[in-house]
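Below, chain A partners chain B and then partners chain C, in two separate complexes.
Up next, the complex of A and B:
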């Protein structure tokens, strides 16, 4: 497949900006609009840009699925911690009287792991499709 | 031709029902007032959507992530050949 030089250059310039924008959306999910799911989709788009210009970043899809599985287990464990500290299932593990900065630790951690999980899942889906197409 | 007219009629009916539903929708509920008053204090999140999906309704988010995991597993299972099993 032949791609034009303008497209190649623009995609190479755009790649780090899209990556950093996705990380920004994930980390600032509790302040500004956004969050783990949306930021993960933006991160996956940054990888998808490279397939447009013929660069194959993803070598092993099995590794991506493994990362996604372990991240899901970490999310479940983080959500289960509140059963021991607060007595309720699936909520923040700091008590309700603690300060706002402490509560934000949980939000940032949760958004971060959900972002990684969604990004690896979407990358695994479309890299499988691209491998099948070739 | 008659198929296109039927499809258009169905779409129009859906649109009308959708508009009727939206105009009947009551947004001045107790939950909205509660979230506006206590959402920031109880969860520490300025974005109230994050307050809902990471604190009040965290189990929904967890199973949403689980649905994505099942989707990825299914797609990879269907794309693999018989001789290379994960």
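Up next, the complex of A and C:
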């Protein structure tokens, strides 16, 4: 399909703004609507929209899949930390009496890694789908 | 509150347009509009978290899948197993290449010729959607195509005059290897 010049220019102009908006949604996930999944999907959209205008950003899909798997291990380890600090699985690793400034560290870390996992997973799926047979 | 009723009526109209529409590309654009209206409805029902997810997934990623799929449907994939000048994918010359490009121009398809080498096929999935494979046997070129494909009949008609070409129609499962 032929892509028009308007679409190419708009995609190039919007690309950094969409990226920063996705990061904003991830980082502010604990106090505002959004979070890891939504922000990761927005990040993936920002990169995948470049396929429409013919720019191939992703060179190595295997590396992306590797990053996704390691991020999953990091998420599991982060959830296991509360077993050693509080004696419970899959909860916040700060105790329930600690202040809200301390407790939100867990949410920020969790949102950040979930965002990376969702973004890399979606980009890997779509890159294999687009480049199939090329 | 009246804006919610207007949005709901618009949602019903757009879903009817999607259901009874004929053009695929228009359908994709209306689907994206549908998701956008859905997202604003979620926002008015006080679920902004869900609205963000719907706006990201429904109006950006799913239309992207459909657009890529539609643009892939317009390709005619040929796997070339011969190494002489009958089909030359690089210089786009040769008798067979001209025949195939005439055929694909008739149906407004894009001709993709690929040589059969191991390192040219990458990605998680292997190439399964091959429309035609070309082989050589005793000075005759054999075009192998699916017997279920309707447009193969036109190719049989077009290659009647050409004495070098034989067309072999096989079942769908045998094309894999």
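The rule is short, and it goes like this: the second predicted complex is superposed on the first by the 131 of 134 C-alpha atoms of A that agree within 3 Å, B and C clash if a C-alpha of one lies under 4 Å from a C-alpha of the other, contacts with A are read in each partner's own complex, and residues count from 1 in each chain.
One rule holds in what follows: a residue touches a chain if its C-beta (ideal position, glycine included) is under 8 Å from a C-beta of that chain, and two chains touch if they have at least 3 such contacts.
Values in this document were obtained by computation on a predicted structure and should not be read as measured data.
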Applying the document's definition of touch, where does A:92 land relative to chain B and chain C: first, second, both, or neither? first
Just to be sure I read the superposition right, which of the two partners does A:35 touch: chain B = first, chain C = second, or both, or neither? both
Name the contact category of A:24: first (chain B only), second (chain C only), both, or neither. neither
Touch test for A:45: chain B only (first), chain C only (second), both, or neither? second
Which partner chains sit in contact with A:100 here, chain B, chain C, both or neither? Use first/second/both/neither. first
Is A:112 contacted by the first partner chain B, the second partner chain C, both or neither? neither
Looking at chain A, does chain B or chain C touch a larger number of its residues? B
Now for A:128: first (chain B), second (chain C), both, or neither, which partner does it touch? both
Let me test your reading of the model: by the given contact rule, A:15 touches which partner, first (chain B), second (chain C), both or neither? neither
Taking the superposition as given, does A:75 touch the first partner, chain B, the second, chain C, both, or neither? first
Where on chain A do the contacts with chain B and the contacts with chain C coincide? 33-35, 37, 61, 128-129, 131-132
Which residues of chain A touch chain B in their complex? 29-35, 37, 61-62, 65, 68-69, 72, 75-76, 79, 89-92, 96, 100-104, 106-107, 110-111, 114, 117-118, 121, 124-125, 128-129, 131-132
Chain C residues touching chain A - in the complex, by the definition given at the top: 48-49, 51-53, 56-57, 60-61, 64-65, 67-68, 71, 74, 77, 114, 121-125, 127, 129
If we count contacts the way the header does, which residues on chain B are in touch with chain A in the complex? 40-47, 49-50, 53-56, 58-59, 61-62, 64-66, 68-69, 71-73, 75-76, 79, 86
List the residues on chain A that touch chain C in their complex, please. 1, 25, 33-35, 37-38, 41-42, 44-45, 48-49, 51-52, 61, 122, 126, 128-134
